[in-house]
Structures are given as C-alpha cells and as structure tokens.
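Next, two complexes with chain A in common: one pairs it with chain B, the other with chain C.
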Partner chain A sequence: MAYSDKVLDHYENPRNVGTLDKNDPHVGTGMVGAPACGDVMKLQIKVNDSGIIEDAKFKTYGCGSAIASSSLVTEWLKGKTLDQAAEIKNSAIAEELALPPVKIHCSVLAEDAIKAAVADLKSKQPA
Partner chain B sequence: MDLLQRNYFDLLGIPAQFDVDLALLDQHYRQLQSEVHPDRFVTASPNERMQSMQVATQANEAYQTLKNITSRARYLLELNGVDTQEESNTVMPTDFLMQQMQWREIIEDAITQHDISSLDALLNEVRSLSKSLALELNTQFHLKTYLDASETVRKLSFIDKIISDIHHAIETLEN
Partner chain C sequence: MTVKTPIYLDYSATTPVDPRVAEKMIPYITEHFGNPASRSHPFGWTAEQAVEEARDEVAKLVNADPREIVWTSGATESNNLAIKGAANFYSGTKGKHIITVQTEHKAVIDTVRELERQGFTATYLAPEPNGLIDLEKFKAAIQPDTVLASVMFVNNEIGVIQDITAIGNICRENNIIFHVDAAQATGKVEIDLEKLPVDLMSFSAHKTYGPKGIGALYVRRKPRIRIEAQMHGGGHERGMRSGTLATHQIVGMGEAFRIARLEMKAENLEVRRLRDRLLAGLEEIDEVYVNGDMQHRVPHNLNISFNFVEGESLIMAVKDIAVSSGSACTSASLEPSYVLRALGRSDELAHSSIRFSIGRFTTEEDVDYTIALMKSKIGKLRELSPLWEMHLDGVDLSKVEWAAH
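Let's turn to the complex of A and B:
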C-alpha cells in the first residue's frame, strides 16, 4: 500500500521521539494499544505553570501510519491547553495525513493516546 | 442442506466450548470435506454443486477459526454476544503495554546487533506467557466470565503478533 508523502515524511523523520519523566507532576503519560495490529503507542505531554503544553514526546511501535499519527500530534499539541488538546479528533489527523480507510484506526490510536495523557495529567493535578 | 445455517462448532460436530479435542476436530473436518468434495458432485445439479462448494468453503473457515486458540476464543465470545473490540478499543492495562514496548525494544536492539540468541530467549518468554493466557482462557470460559475472557483474547492478539514478528526477525537475521 502506498503511503502519502506526509506519512512518509513523519515516518522517515519522526518529530519528538523520546521519553519524559512519567513521575514529574507536570507530565501526563498516555499508553494505548491496538489489539488488531499489535501497535503500541506511548504519548507524553508536559505542561508549564499556566497549563500550556510546552513539550510532547512519543514512542510508537507499529506501522508507518501509527508512527506518523503520533509524530504529527506531538507537533500539534505544543502550545495548546489541555482542553484544546483533548479536542483533537482522529478525523483531523487522518485528513492531514491522507490516511486510507484501513489505516483510520492508527489515527484513533493517536486521539486515544492524547485523551489518556490528558486524563493522567489531570489526575495528578487536583483542580 | 441446512449446514450453512449452523455455527462452526455444529458444522464440524464438536461441542461449543473452548476446550477442543483437536484430533476430533481434524477428523470431523476431513470427513466433512470428503463429503462435499467436488468429485462427488460431478453429476449433481448446479444448485447442489454450488451448495457443496459453499459448505466446503465454510468448513475450511470453521476449521481455521477453531484450530487456533485466539480465534476460537474470539468466535466463542461472539457466539455469547461479547465483542472483543480489537479494532476499536485501545484501552489495555498499562503494565501489559509497557511490557509490549520493552519486548519491541528487545527485538529492535537484537536486529541492530544481529543477536539471534536474545530473540530466541524472548520467544521462549513470550510463548510461556501465551501458554498461561491460554490456561486463563480455559478457566474464564468454564466460569463464563466472558468479559475477562475478552480481555485475555485482546492480550493474546498482541502476543500472536509479537511471536510472528520475532519469527520474522530471526528469519531475517539467519539469511
């Protein structure tokens, strides 16, 4: 199957691969997986004192579309508030990367990873 | 011929349970395939010929599904109205996903370092987890705790994938 240029770009030059300290109270970690294809995705966000996401890192084992989806969202997440981050929809990711229907679940994985990271962070920071 | 209406267990004449007698499954499958073999339908009506072919196809699907532990469990859950949501639900226990990630790192490192022995060791570790998950499934189906069984199938789905990836990595390194 042919990947789009954007998928290839993220796959070959993934942005923000890495790990943040999961015990840092300013860091939220989201781990999700797709049983159907065995993909595993870890997404981490770090917020500053004003609640803005200042850093995002990911580590994904999976196909090119899953890696591209997580790489893309780490770029999108920076500068957003947690509420704005939680609004990122898989359809927007799929559209940006021109994912074919069989790869839509990779964008779902990225959306769910964001939600899990935001939920983890919120659980660490009592309102 | 109402065979097409039947579920896979009925079609192959074995009890609809997780604990399957594989020898009996083999035997019944071969028997059914010989009954619907195209050679027997040379002089039959086009309609009968088509039906026998459909049964042959379905018997093959049934056999493939029931022979394998993960797909058998998934199918049995489906018969009991439980969807394992392997396409749609991305929530898995964090410990389990962490372990998957560690194993993926081991595979990646082993490939870079041409280290087949660490892949062999990993394969043994993953296989032993696979066996213990199969035992868990057996208990879960006995107790009819289908949601737990569904979670185990979801785990086995990852395990099956990683086992095939390890095999693939070993083959690549050996060549």
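Let's turn to the complex of A and C:
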C-alpha cells in the first residue's frame, strides 16, 4: 500500500498523542469504531472559558491512515470554537492526506470522533 | 554486528532460488534448449534426460515412483488437476460429495466451490482451535456419496501439520480418494508415499528453494488412481497434463528437491533453533498469543497475535522486516485472515497477527534484530492504542458496546 508523505509523517511522528481527564467538565471525549473492524479512535478536546478549543489529544488503534487522520484533526481542532470544529468534513481530511479510496473510511471515522467529542462536551456544559 | 535490511522472514510466501539450483538451471535455458518431446535429435534427448533425472529427484524426496510424478505449473494447478480431475472421473461411480477443511489454501477451497457450482456438494470442516482436525468430526462428515477428500499437509499461515496417515486410513476404509496439498511440507516434514495412504499429492518448487512456475502432482499407481485431464493438447505427462515441458524449471525443481532430501535434517534443526529463539524473545512482550498448535508444527513457522495493536500499522512500523499479516488492511478482501477466524480467534486478534517464517538463509543476527525491533515498535503502537490504555485500566474490552461501522 503506497501512502502519501503526509500520512507517513503523521504515522511516524504522531501529534498530540495522549489522554486528558475525561471527568474534567472542560473536556469532551469521543470514542468511535470497534476493534473487530480494525480501528478505534479516541479523541479528546479541552475548551477554555471563552469556548475555544485549547488542547486536543488522541489515541488510535488502527491502520496508518486512521492514525494519520486522527493526528491531523488534533492539529486542526486547536483554536477553533465547538461550532467550527463540528464543521470539519471527512472530505477535507481525506484530501489533505491524499487517502486512497479504500481508506476513506478512516477520515469518516475521524469526523465521527470530532462530532462525538463535541457532543460529549456540550452535554457536560450548562445549557 | 550488522544486518542487511529488509530482513526476509516470509519463507512461507516464497523462498529464494538456492544459488546451486540457479546454476544448474542456466544451461537448460541457453545451451540445452531442446524440447524434451523431440524424439528425433540429441537436443530433445538431452532435455528429456534432464527432465527424467529431475523427476527421479522429486520422487525420491517423497519416496514415490518417478512414473507417479506429473509436472504442472505449480501447486495451484496441481490442486485444480487433482480435485477436478479425480472428482469428475469418479463421480459417476461413487458420488458427488467432497470433504475439505476451512483452513485450506484458496487453491483448494475455490476449486471445490467451483465444483459445487457444477453440481457437487461439499463439507468444509472446521478445525479445532489449535488448527488440527478432529478425526471423529472428519468421520462424521463422510456420506455414502463422498468421492474425494482434500486436506493440506502443512497449513501455510499457521504451519500446523495434519495427521495425514490417520485421515488417509479413514479415507481408505471408506473408499474415498484422498488428495493432500503438500506445497508447504516438502523439505520440512518427512514424506514417505510408500507408507502414506494418499492418492494424490500437490507439490510446488518455489517454497523449497526452487523456481516459481513449476510444480508437480503425485498420482498413485498402486492402486491406480485416474484423473481427467484439465489441460488438453499434445498428450504430455501420460495424457494427464499437456503442454511443452519447461525443462529449465523442471531441472530447478529437481535440484531443489535433491538438496532438500540431503540437507533437510540438519537444516530443520537449525531453523527450529532460530524459530524457538524468536519465540522466546517475542514472548517477553505482554499479551502475545501464538496461533496454531506448537507441537504439530513445521520448524520454520511462527504466527503470533500482538493484542491491542492493529496489523497493518504494525507492518508499517516494522518495514525493516518482510513478514505477512493476517490483517484485513493488508489484503484486497478487507477481511481478516479466514484461517485465524476458522480457529475461533476474535477479529481483533486476527487483525493483530504476524506470520514469521524463517529459512535457509536466516541468521541469528536477523532473529535478534527482529526481536528488538518488535519490542520497540509494539511498545510505541501500544502507547498510541486506546485499547491498550483501557486494558491497563482493567476494562474488559469484550463487554464494551462498540459503535460498529
């Protein structure tokens, strides 16, 4: 399988690997995928008091494209509002990483992870 | 200590041609180029003599009569010829039911599936979790109209050795033609066809340090087994397989099998020592699972699942070694290894498996390098793995409700 240089770079040097305190009210956690399908992504975002994402961390079990997709979105998420974050589309991820067609589902999973993390955070915040 | 990377640890996929084999082949491409079927001049006679000497060598390795050896293009063709040829020849008298095993090579499974499309019925036996066949289950699968059984000698993915003698005896008692795919067995296990109750056996050259594109089918003479030809033409190979013989390929297979016969005992001792060294090193890693029985197993194969690490990312991480993965992502089908699934392994463990197969040219340095590389990369990928983190937190992953996609 020939990967783009960007995938290889994220795979070799993943950005923002780690874990945030999931019980922190400023932290939203999204976990998507299933081990049986060969990929599980955990994405966490932390917002400051003005609602801006100031930190993002991930852990991913999956192929190189899945690791690269989640690594990339942690870079993109920082500095965005929750609404801006929810607008990140899988097509943009796939395009940035030049994912081959059989790996598009990795970018879909990353988009789902963002949505899940945002939803988790919103559910924690007072309406 | 320096090792040359990438290190080749995929001898079950194919082997390099032994330099002694290559040397013997070359004159038959350039100088002795005659058609072995040409009876009217020395060019043909020389080629024919070389073909017959090679046939003797192939027969000797498996203790057969040279007249029982039919040249083919490889084990896939041998499997097709044996299964379709015998099923079609004997279906009229015996019936149209075939028994095989879920962990067979696709060249057997898909051939049986094709026969099903032509009106045969088939039973695909599930192996036990260690990869071996339960003989009672085999007996239970036999029907009055069972015409043929096909069971591989050595599994290509997990290296387990089936009890061919016992299965063959059951077939004899029930008047069933017995075919064995031995592509992965030559040079690894003793094969004595004078004793083994086997009617048809498939061989390949390139798994045993010979060239690709050549194989053979053993067709028993006593009692005589008949097969319908699948390739029609000039009536070569006693009418069972037409087509001009590839003299240089055949010479290569003969030489490769001659070397195997002379050297396999010593070679397998060394290969086993290296395999066991590799296993001992890898077992120092947490949460590793060997796939397939370790007792009834060829000396060069090791198939291991590294839990909580996905196979394709692992293959990417260990680019310095050439190995195979049971992961879906490394195959065209997007399904994890059907062999590991048939053993009852979970999808996760099937996705996380690596097959190491070592051979004639593997060194101790290669093995030590591989152990160190695997330890470091497994550690790195588990740092990245949410499943590993959950495992360390004591979460039972089988109880988690995953959002399948």
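The definition used in the following text is that the second predicted complex is superposed on the first by the 123 of 127 C-alpha atoms of A that agree within 3 Å, B and C clash if a C-alpha of one lies under 4 Å from a C-alpha of the other, contacts with A are read in each partner's own complex, and residues count from 1 in each chain.
Here, contacts are C-beta pairs under 8 Å (C-beta built on N, C-alpha and C of every residue); 3 or more make two chains touch, one makes a residue touch a chain.
The structure displayed is predicted, hence computed values, not measured ones.
After the superposition on A, what does A:T19 contact: first (chain B), second (chain C), both or neither?
The second partner, chain C, only.
A:C63 in the overlay: touching chain B, chain C, both, or neither? Say first, second, both or neither.
After superposing on A, A:C63 lies in contact with chain C but is clear of chain B.
So in the superposed three-chain picture, is A:V47 touching just chain B, just chain C, both, or none of them (first/second/both/neither)?
It touches nothing on chain B or chain C.
For A:V32, decide between first (touching chain B), second (touching chain C), both and neither.
Both: A:V32 reaches chain B and chain C.
If we overlay the two complexes on their shared chain A, which of chain B and chain C does A:A85 touch? Say first, second, both or neither.
Neither partner.
Applying the touch criterion given at the start, work out whether A:V102 contacts chain B, chain C, both or neither, answering first, second, both or neither.
Second partner only, chain C.
In the overlaid three-chain picture, which partner chain does A:V73 touch, first (chain B) or second (chain C), both, or neither?
neither
Quick one: name whichever of chain B and chain C touches more residues of chain A.
With both complexes superposed on chain A, more residues of chain A are touched by C.
Considering only the contact definition stated at the top, list the common interface residues of chain A for chain B and chain C.
On chain A, the overlap between the chain B and chain C contacts is residues 31-38, 40, 42, 59, 61, 105, 108-109, 112.
Can you list the residues on chain B that touch chain A in the complex?
Contact set of chain B toward chain A: 84, 86-92, 94, 96-98, 100-101, 104, 153-155, 157-158, 160-162, 165.
For the complex, give me every residue of chain A touching chain B.
31-38, 40, 42, 59, 61, 105, 108-109, 112-113, 116
How about chain C: which of its residues touch chain A in the complex?
Touch list, chain C to chain A: 308-313, 316, 327-330, 334, 336, 346-348, 351, 383-389, 397, 402-405.
In their shared complex, at which residues does chain A touch chain C?
Per the stated touch rule, the residues are 1, 3, 11, 14, 17, 19, 31-42, 59-64, 66-67, 102, 105, 108-109, 112.
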